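Shared between the two complexes below is chain A, which has chain B as its partner in the first and chain C in the second.
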Partner chain A sequence: MSTAENLPAASGRRPLSIRSIINNAGIGLALLLMIIFFSVASEHFLSANNITNILTQITINLVLAVGMTFVILIGGIDLSVGSVMAFAAVVAGKAITLPGMGATELIILAILAGLMAGMICGFINGAVSAYWSLPSFIITLGMLNIARGAGLQISGAQTIYSFPFAFEEFGSKLIFGVPVVFLVALSLVVVAWFILNRTVFGRLIYGIGNNEEAVRLAGHPVFWYKVAAFSICGLTAGIAAIIYMARLNISSPIAGIGFELNAIAAVIIGGTSLSGGRGSVIGTLLGAFIIGVLANGLILIGLSDFVRQMITGVVIVVAVILDHYRAKYSAT
Partner chain B sequence: MKLIKFVAAAATGILLSTGIAIAEEKPVVGLIMKSLANEFFQNMLEGAEAHAEARGDYELRAVGMQNETDFESQINAVENFITQGVDAIVVAPADSKAMVRPLKRAMEAGIVVVNFDVALDEGAKKQQGVELAFVGPDNRGGAKLAGDALGQALGEGAKVVIIEGNPGADNATQRRMGFEDSVAEYKLELLDSRTAHWETEEANQLLANMLTANPDIQGVMAANDSMAIGAVKALEAAGRTDIKVVGFDAIPAVLPMIEDGRLLASVDQFGKEMAANSIDLALEVVAGGPALEGWVKTPIELVSGK
Partner chain C sequence: MSNSRTSPLLSVSGLRKSFGGIHALDGVSFDLVAGEVHALVGENGAGKSTLIKVLSGVHMFDDGALKIDGAVYQPASPHAAKLAGIQVVHQEFNLLNDLSVAENISIEALPRTRFGLLDRREMNRRARTALDAIGLSDVDVTAPVRSLGIAHRQLVEIARALQSDSRILILDEPTATLTERETDRLFEIVTSIKIKGVTVVFVSHHLDEVFGICDRVTVFRNGKTIITENIKDVAPPDVVRYMVGRTLEERSDSGAGFEDDVAIALSVRGLVTTANTTAQGIDFDLRKGEILGIAGLVGAGRTEVLRAIFGADPKIAGHITKDAAELKISTPRDAIAAGIGFVTEDRKEEGLILDMPIAANTSLVDIASISRRGLLDFSSERKMATQGGTRLRLKYGKLSDAVSSLSGGNQQKVVLAKWLACQPDVLLLDEPTRGVDVGAKAEIYSILRDLAAQGVSMIVVSSELPELITLTNRVLVMAGHQIQGMLNRADYSQERILQLAYGQEKSSERKSA
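Let's turn to the complex of A and B:
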């Protein structure tokens, strides 16, 4: 295979979208089976309230997973998103509780501060790992600790509370039973889909995951593309932080422990390959739904906490096995 | 030969004199706590530091840990304190069994050991032949205070759920048992009992899902306030103002909620003073007082609106 064939962006074509539709249909089918099973097993599962709950409950994971998709597509990983989310929440929490300003100014300030905090962490992750060609696994593991420590330091390990009412209202607002925060997450999916499929930048993200050297030889600044992917991931962690605050009306420096694993799981279940270059953000959306529906449904049918945890693990493993076969068939 | 003896004698002399010099200085207290990322222990540390400054007659060396389950670092801390030859070790064990053996070594090294916050396991103490008092709150009794407040507010036969702390953590178990005591005493109906790992967001999702499965819930017992906050937000989102919630710890963030009635009650175990009080007890023993015995209970108090 020549390098030119490996570079979808260079030719401007989308690679085999039919195959990606089939892949996504597979995940969608799994989700559908799950939904059918739970609707039969629990009378409450398909109630309007429960659907609202599921949408609310997958929102944060979905937001994190959208950013994670960019990083995994370039063949990287970001283990820091849970900690970065907590750090951004603390920074935004400090901003929103500043004295002597109106509610609107405070909310705007806090949102900007939270998003900036997240993006800066992501920028550092990307810059350090790309500049020295270090595995992002270890750099973001470092950031996991740095961001967690910084959040605890700034907050003095205290929960920050009493936010403006308007902010809280945004977190619990529904439009026809659909949480506004979920619509925010959904619009992120749409934006990410557009970037990944309709822009040169997006195609090069896939290109880097497939064959980084080829992209470099074609004269593209691979370093900056990688930094951008990690910055986007940090930015989504900042957005998740704002959603967390709006929903719960507190900022906790110990929020988000282990969230990175759920976000990675959503991306992988959604069919994005851990080795990069293959996958889609629509798959990530479905992956987040699978995790959320599973968590919700297993409680409704009354399974114990420990069995629930085991089943979630099994689903992740099965998803990766399926991914193995997907990779095999798309290679032929 | 003579020379060697002389050197040995001189060395002994130096050792003795430095030994005396140390004895004349302030006693050193090693404080070993759990995760300082936990608000409760952070407040406790601040309380202890303020106390050390206020008393001024001892030196405080405090050690925390990275997270709740990292008890390896607590064992290392005990060993380091033995090496440093501190006068007393005041410890909140992260694991009630694993900490018994290292603390036994400290006691054998002549260090006064005070166990506070979480009691060491009785069986493990017996097995190691360790006699050690416990200074701390009655988590089970505290949870029962909160549970009773809920029982009184709801009346007999009311339907409740419990949101538990980390499975396997001693205080989580104690608090769950305390809630269950209230359930038995007020003849409440326990619909479900699950963990949310002490965390706000998880408790929020958990209660939303519990409400779907059991819309007739009347009361919620949360094993800490972080989870109680998540529960209150879930009820607000569901528009269920009829359901009452109790928590535990009385952290500052819930005080406004207790004020306006969104939270029925919480329990204050005066964490800020707990380490400081334990240090006081340790210093009394260091100064030649009698060894502590049994369970020295520290105060707990129900915090409620009216």
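Let's turn to the complex of A and C:
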């Protein structure tokens, strides 16, 4: 009973939780088949180096996708995360290159500034779209341009570099072949899972995605929950910015172009419904892996990046078609 | 005109139609004589709308016979009904708001040029003819429908319905949204198309209109036709009596009269809702442990009153006092904090999170009590849901089942459990037994009576008069966003309530839309 009770919150319901396990298992199975296929097709695929590679490559997308999961669960979308990431990176880059301070202070300042910049953008997205009940699609499309422009303006369209050594080290450090930055992303998944499944906030995020009016009439401040979901998404864009800087040792105002689409793709492939209320962050984790493994494996077996792009597109479409049937059969 | 000897244009006999276990039509018989204006009247849910849907080919009927000019008529689709010459103008318009009047009028068969392109000139010409035919020479056929007022949109629908060879025009509550002047114009048009030989079926809640323009009237009750009369031979009170039925529902003894000196739990003064800002304010008092009913027709403004009290919609004006203290309610949160609960009309849209478990739905309002510092405590949630379930005799498999797996009655109990969890002392209930089977209905009544006995005060909005008569201590009757009257239990009769609701007792000024 207690385990059965613990699971449902993951999908927000119980009779479907078995189904949702199967759903997640389905995604997991697809991932497993993919891994088996690539390890047979390419001898390099399962090498330690390549695994490290894959984990590094999916890290930023995973971080963005975790925040995106919150927004999509309330029935919204955030198109601005790529630009917001670049904006946050520029802000953090400006902070970390300030003269006359010690390395540790600079790093702390830069991290705080980057996270703050991301979260403020998310807050604005949420507040504007929730206050006027406007589609977040349009509002975040506006923010996509605003944040990109702001990043370019502040940086003078110049790449910022020469960061403290400790910061660069954090970006490239491995623990048993696992990049530290990936562990950061993974811990975000755990935190997000806990919030979504164990807290009142998470429960109401699912509730708003399912039936916003019922949640409002039950006396909950729906506006603030929506603002919080977008702020979390902005915050993860800030975290992604810090990771991006640490990995590449630069901070570029033209970073992250199109990243929002990969993040949305990971969430959707992970089985979260675009209309909100249904899905899980574990699915998002698997979705991010599928995109990453596809990208890596297809190139290893000698296909061009263009073909990779086509196949990723097909996977997204198939995932949405599957979601359509899931929604249909789960409706009673 | 109303000579029923002439062979009928349309004859309906013994028509039956069920949806699931509900008999929407349970023996409907009447005739339409060519060239008459025939009214269909009856309470909400008496079967008028279902009949219209059968006649217009939306629903197939289960049993009975339809004949047009003596030939069997069995429309399989709305298109077939149109071919047979039956046109319906619905309550909700079927117009494409951003297209022009002409495009809307011709939408079913757009004229084409030799090259297969849209023949705009012919389209506009046809629209002009159609509009002129009903005296709408002042409407520009190239204007988008959106730019027209409600009344004109309706007239455009009528023009569209009439341009093809229609023999029977069904108007489903055409005056619901019209002002008096617009209604007069509509009636002129009805009279003129009647002269052209079109038979009009007129569905209305306004008996004065029925008596103003109709030749005959057929009364519906509980899915049956009760009687068809010549308008000349009946008076409005007779029609109301036919709608109600001669036998009054048995009264339950439990909720006898209510003492006048019981303390007032909630008092409403000068309440004006956003739905009708021109109305005079609404005043009433709710006593402790009382069940106060609000009766009225659909659109009378009953739901709006509940929503305004609860803060679900903003209110234009008005004071709400609870236990002698003035409340400032601007959101549902304020109302809940003041001890007010609201069981909404539509549990699927506003009450429940269908995909979520029973337990999660039960704890939705009082989620603070099953959590600590924002963390959910699943075992106390289960306890809350178990207690609520036991108290309301909820039939369920597991608390973790999605609430959508329950029957309508049990879903409604979950909604009740959700509100009872926070122990409100005033409960607003909007159609608390809609879509609930008879057994669950009786259970819900007994739950509500128990609550009243425990001192919970309730306002119940219901379209079912027997429900109000069994359940309530007093009934307030609304029409046109105004209170038409307040009946004490001793004075209850369906007839009295309906007469107030239909504005037969007071000369109710029509609201302007």
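In this text, the second predicted complex is superposed on the first by the 315 of 332 C-alpha atoms of A that agree within 3 Å, B and C clash if a C-alpha of one lies under 4 Å from a C-alpha of the other, contacts with A are read in each partner's own complex, and residues count from 1 in each chain.
In this text, contacts are C-beta pairs under 8 Å (C-beta built on N, C-alpha and C of every residue); 3 or more make two chains touch, one makes a residue touch a chain.
All of these numbers come straight from a predicted model, not from anything done at the bench.
Of the two partner chains placed by the overlay, only chain C lies in contact with A:Phe201; chain B stays clear of it.
In the superposed model, A:Glu169 lies in contact with neither chain B nor chain C. Of the two partner chains, chain C is the only one that A:Glu213 touches; chain B does not reach it. In the overlay built on the shared chain, the residue A:Glu105 is in contact with neither chain B nor chain C. Legend: residue contacts after superposition of the two complexes on their common chain; A:Leu300 is shown touching chain B, with no touch to chain C. In the superposition on chain A, contact of A:Gly156 is made with chain B only, not with chain C.
On chain A, the surface touched by chain B in one complex and the surface touched by chain C in the other have no residue in common. Contact residues on chain A toward chain B in their complex (touch as defined above): 42, 44, 47, 49-50, 53, 56-57, 60, 148, 152, 156-162, 172, 244, 247-250, 252-257, 295-296, 299-300, 302, 305-306. The part of chain B that touches chain A in the complex is made up of residues 36-39, 42, 167, 192, 194-195, 199-201, 204-206, 208-210, 212-213, 215, 226, 229-230, 233, 236-238, 251-253, 256. By the touch rule above, chain A contacts chain C in their complex via residues 2, 4-6, 8-9, 12-17, 198-201, 203-204, 206-207, 210-211, 213-221, 277-278, 330-332. Interface of chain C with chain A (complex): residues 310, 312, 331-333, 335-337, 342, 344, 349-357, 360, 364-365, 367-368, 371, 374-376, 378, 382, 398, 400-402, 404-405, 418.
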